[in-house]
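Each of the next two complexes has chain A plus one more chain, namely chain B in the first and chain C in the second.
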Partner chain A sequence: MTLDTLYQVNTPEGISLRLSPAGPVVRMLAWTIDILIRLGINAVFFTALAFFGKTGLGIALILSFLLEWFYPVYFELYKKGQTPGKKMFNLYVSMEDASPISPGASIIRNLLRFVDFLPFLYGFGFISMLLTKRFQRLGDLVAGTVVLHKSLNYPTIEEDKTKAISPPVALNLNEQQALIRFQQRIPYLTAERAEELAQIATPLLLKNSNENSIENKQASSRLLGIANWIMGAKH
Partner chain B sequence: MNLNEITANIRLRNPWEAIDLGFSMVQKWWLSIYLPLALLTFGIASVLYLIFPKGNVWIASLIFWWLKPLYDRVILHILSHKLFNDELSTWQVLKALPSLIWNTGLFQSLTFRRFSLSRGFNLPIWQLEQLRGSRRSERQSVLHQIAHTYAAWLTIVMVNIEIVIVISLFGLFMLFLPEKTANDFFVGMFSNKVEYERWIDLLNYLFYVFAVTLIHPFYIGASFALYINRRTQLEAWDIELDFKKLALRFETLARNLIPALLCVFTLSLLSTSSPVAADEATNLDTTSETQVTEFLSDERLPAESSKQVIKETMLTKELNDKQTVTYWVRKDTAKKPKNDPDKFSFADFFEPFAKIMGFIIEFALWILVAIVLFLLFYFRDSWLHLFNIERKAKKESYQAPEVMFGMDVRPDSLPDDIISESRKLWDNKQHRESLSLLYRGALIRLINIEHVQLKDSFTEGDVLKHSQKKISEAKHLFLDNLTNNWKMIAYAHRHPTNEAMEQLFNTWVSDFAIENVLSDLESNTPKKDGSKDE
Partner chain C sequence: MSSVRQSQFIEKNTALWDSFENWLDYQDLSFWKKRSKKNKIEAPEEIDLPKVYRQICHHFALANSRMYNPVLVDKLNKLVVRGHHKLYSSRTNFIGNIMKYFAVDFPRLVRQEWKIVSIAAALFYVPFIAIIIAIQFFPDLIYSVMDGSMVNNLEDMYEPERNQRFGRERESDTDLYMFGYYIKHNIGIDFKMFAGGLLFGVGAIFFLVFNGIFLGAAFGHMTHIGYIDSFWGFVVGHGAFELNAMVLSGAAGLKLAEALIRPGRKTRGRALIDNGKIAVLIMYGVVVMSVIAAFLEAFWSSTVMPVMIKYVAGAILWSVVGMYFYFLGRTSRASIHS
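Let's turn to the complex of A and B:
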């Protein structure tokens, strides 16, 4: 098994969901965004309520308390597990089995921020994230939650004009996907590198043909043709 | 560099995920990394401490911090070998130190490149690609195109995490100290007034060395993973790996298969995923690469054994739980089976008797019900009061109290002319006695003339409340006023003004001490005064 951050959750249908837990670096940046937002809101509270003397101060303190503890809970429960900071970095909170976070778990993981915060600015939280495989802080461990990366959207590509070529032999899933990725990524590769990659796959192209090698610049366009065929173009 | 030997899953990741992969690397290979690294860092730290002891530990800390690029190189050396499946012993790592010092641009890193924000990300170009001069800077600018932002943020965040860990360690240490000692430390640290002990310096130094040793591999690991990801993006390493596997498969196929089997393959062209080809593929694919891209569960079972699993599952308690629930059901009398007429039945024989007995018992029961109803009516007095219905009989049994709040409220205890007597007392400055007499007179009037049923357990407030419905509005207004004045003098020793008192006397005559018939007429035009004395 090769090393990866992913872990799998098997659904009853036999489909395995691949989940990608988010580590401390991106989480700290997301947290920074959130704390800046909270600071901004608090500043508004305190300046607006400063006109009401001590009563205003009291109300502002209560509001800032509620904001500190229930801001994440609100966003986790009603905004698909994403506080504004997490949304900015494409993260979301969910249960370990990728189901939506439950209210109890959300409250627990946020109340336990108090523990993670110890002894100074999330010291325990960082240590816990560095030690656990899914980068969970203590609150996450207790609540059974995990912060995940939202899956990456591949850039959509323009329709390829290359003529579709049927593959000389049937390809397995892995190979089909490799060809499709080749097609998707070719705009980001240099022409030389693309050809170099395509030359690696020549045994496929030479199959059932009498050629011994393929001319330069030919391999990549023929592979693109096969990729097109796999993507559904049949002409 | 042999891509086939790579131990991490190569796929195109988003840069943050790549950073996380770096963390996973350190988590997985922690022993191979931390053992040589700790030897190095703690070795250097001890030497520095010996050179700059007492009072100059901060210089040792500063130099230790400045030497970070050296540790970077050692960590990257270990990680890069690990990534391509090359196990290094601690001794091998330490032996590689001289070449790491001389051949990796360490001098530049320690001088004018020390503060580069992307130094972790750039390191592989120096150390692994061994590029120098203009080629290096071109290469670096290509790699930086997308990754530089992430590399810089990574450095900033990791520096912060390092600081947090140092302060956390110190904070944790402080938490376990008695409060007084902890305070002294703080005072000692931030002022020069108290001479604090040297070992605190040493402790802080150790915490710092420990934090650097702990955090730095994660920084270099993440930077390296970011670099690998950027190269994967540029050079499509993932596709190269898959194409190599594909090529290997077809070369073996070409060598091993007899030409007759080729017909099967040409036939299978019709469908993209022929089962024959797929089987061949899995047979040849001895490595577990399918799980890299197959988005299906690893734990799929063959059909026969999954059938077995399904059977077992269907037999589990959860799916076969049976419960016995008992409840009453009305018997369906209509469907009662008729008895066989020929057969002698004990029940049939006694049926007429049973009917007669039933009639008699039913009749007797009805009589009983009638008797009970009659008795209930006859002795209604003894039980009806249980339902708390107010009845005349109760009113008749009412006994007027003789003493209320220590006052004699018998009618004959009063003087004939209450007002003049009270007025005389008031003029004599006997305010209390005067008001007491007036209030007592009011109470007696309520009891005897207005027929308000006062009890000796009532308070002044109760008297007011109970009399509200019984007397006219004007009278109640007066009573309210009087009660207030009385309470003020009785409990607060504050007597009303002469005018208020005069008004009370007047209202007594005009509103209160009059016959009911008259008062009923007057109650339609309530008096305004008498209520605002307080």
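Let's turn to the complex of A and C:
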């Protein structure tokens, strides 16, 4: 069992996509950015159009109406599910099955924002997000949408120059995985910490089964060699 | 370990993944960037999207089951999610859909949902008419709905002599201002009414009954004090659209409430999604009706002309709305939503 909030969607191609819904805090931050942008635009509208008297004011009212209800709809439909605030925090809105948000769903979730906002500052929306597995506010539930983290670019897999070493004992899949993950994490660890971790894998550090001494200092590079061997590097 | 080792797997397929990623990146560029002459981005080779996508899905599944490097699996997962988005995005005939919506789908949907529309209409029109009649017999009732200054404002706005003095109910440059005001205010109320339906209908019912009482009081009071031509002449035209749009947005809100109160054989979550799709279709129509109402209210209702013309126009507008919902979309057979 995993503790994280990932969920999987099965596609017609018979594979499952892994998606990670965004929680209340990061969404609140994104919303704060958006509300500031909207207030800014509103201020510009009203000051600029105030020069044209009542007519200008009428146009400003229409624009502020559009901004109030359809600002998120525009970005969700035409900017790949990301309002500027969401873009800043690498979030995007999508349908529950990971397909792009449909116009109807976008309008539903943004009109229902009014209910989520009740009784004050997204009270109902917050409660709903805490009670649902995918952090959906009420508007999301009705529209069938979800706010997801956009996966960031991972570091490229670098060729490791360490010579491949065949493991002295047979390893099962989990053990092989652990070694590969260790290899992946090495760039983010200090040399000392890498060495310390590597020392845990005692049986792998023995050259052959009847030798007892553990080679110091080279433990991590030896594990790297074994990981390379597992990944298919040649001897 | 599997027969194909990870490094061989990567070596063999990287070219395909890269070309797919390039193609996706290019597709994501905006129309203008694709065309810009300054730094023209070369269009990558065309790919057979379904085929390549299926292949990469296959790679992803293999990488998963062979427990390849998590970074590689993540990379493939990301490619698959992007491909999924591209393949399953819908391209629709936007203009055609809008025409069909107003010619067929919207009136038919309102007829299909006649029960819930009738409930919403009753919630608004019954208190509305009841208060109009009640005020003719108990004029002081107006003061339990509005305070004195509001009543004075109202009387001032529709005082019959005002028109003779100015020749027009207000200056023409304020028409557009009022249009903006009506849009922001009235459609905002419609949206809130719809959203309020999600609170087990309480919000929608509250707004419907409240507006029924409030507007009924205003109508009743103006009738009672004899400002009949100036007031009814003003409201009768746009009322056909404004009041009925309000009723329909209440009905859309009640449709959401229905999913919570009476989900039938579905789960409440499923029922909400299904009813939400119907409700939002009604809301599209509501928006257009409200914009028409705001337009009429700002530019037509405010002009001064013999009151008979206004009554005739009002009668025509009401019957147009009635006939629209009664007759349109009856010819073709298929139902919109089962």
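Throughout what follows, the second predicted complex is superposed on the first by the 184 of 235 C-alpha atoms of A that agree within 3 Å, B and C clash if a C-alpha of one lies under 4 Å from a C-alpha of the other, contacts with A are read in each partner's own complex, and residues count from 1 in each chain.
FYI, a contact is a pair of C-beta atoms (placed from the backbone, for glycine too) under 8 Å apart; a residue touches a chain by one contact, two chains touch by 3 or more.
Keep in mind the model is a prediction, meaning the values are calculated, not measured.
> On the A-aligned overlay, A:Ile230 touches which partner chain: chain B = first, chain C = second, or both, or neither?
both
> Just chain B (first), just chain C (second), both, or neither: which does A:Ile108 touch?
Once the two structures are laid over each other on A, A:Ile108 reaches chain C alone.
> Just to be sure I read the superposition right, which of the two partners does A:Gly23 touch: chain B = first, chain C = second, or both, or neither?
Touch partner of A:Gly23: chain B, not chain C.
> May I ask you to decide whether A:Ile35 touches chain B, chain C, both, or neither, giving the answer as first, second, both or neither?
Neither chain B nor chain C is touched by A:Ile35.
> Considering only touches as defined above, state whether A:Gly144 meets chain B (first), chain C (second), both or neither.
second
> In this superposition, which partner touches a larger number of chain A residues, chain B or chain C?
B
> Pick one for A:Phe89: touches chain B only (first), chain C only (second), both, or neither.
After superposition on chain A, A:Phe89 lies in contact with chain B alone.
> Looking at the overlay, does A:Leu61 come into contact with chain B only (first), chain C only (second), both, or neither?
second
> Classify the contacts of A:Ala98 with the two partner chains as first (chain B alone), second (chain C alone), both, or neither.
In the superposition, A:Ala98 contacts chain C only.
> Touching A:Ala170, do we find chain B (first), chain C (second), both, or neither?
The answer is first: A:Ala170 touches chain B but not chain C.
> For chain A, which residues belong to both interfaces, chain B and chain C?
In chain A, positions 11, 14-15, 18, 118, 173, 176-177, 181, 230 sit in both the chain B and chain C interfaces.
> Along chain B, where are the residues that touch chain A in the complex?
For chain B paired with chain A, touching residues are 6-14, 16-17, 19-21, 23-25, 27-28, 153-154, 157-158, 160-161, 164-165, 167-169, 171-172, 174-175, 214, 218, 222, 233-236, 238-240, 242-247, 249-251, 253-254, 262, 265-266, 268-269, 271-274, 276-278, 281-282, 285, 288-300.
> In the complex of these two chains, what residues of chain C are touching chain A?
It comes out as residues 1, 5-8, 10, 28, 53-54, 57-58, 60-61, 64, 67, 69-72, 74-75, 77-78, 80-81, 84-85, 88-90, 171, 173-181, 183-184, 187-188, 191-192, 194-196, 198-199, 203, 256, 269, 272-273, 276-277, 279-281, 283-284.
> Which bits of chain A are touching chain C when the two form their complex?
11, 13-15, 17-19, 53-55, 57-62, 64-65, 68-69, 80, 94, 98-100, 102, 104, 107-108, 111-115, 118, 138, 141-144, 151, 154-155, 157, 173, 176-177, 180-181, 184, 230-233
> Which of the residues in chain A come into contact with chain B in the complex?
1-6, 8, 10-11, 14-16, 18, 20-26, 28-29, 89-90, 118-124, 126-127, 130-131, 133, 135, 149, 152, 166-178, 181-182, 185, 188-189, 193, 197-198, 200-204, 207-208, 230
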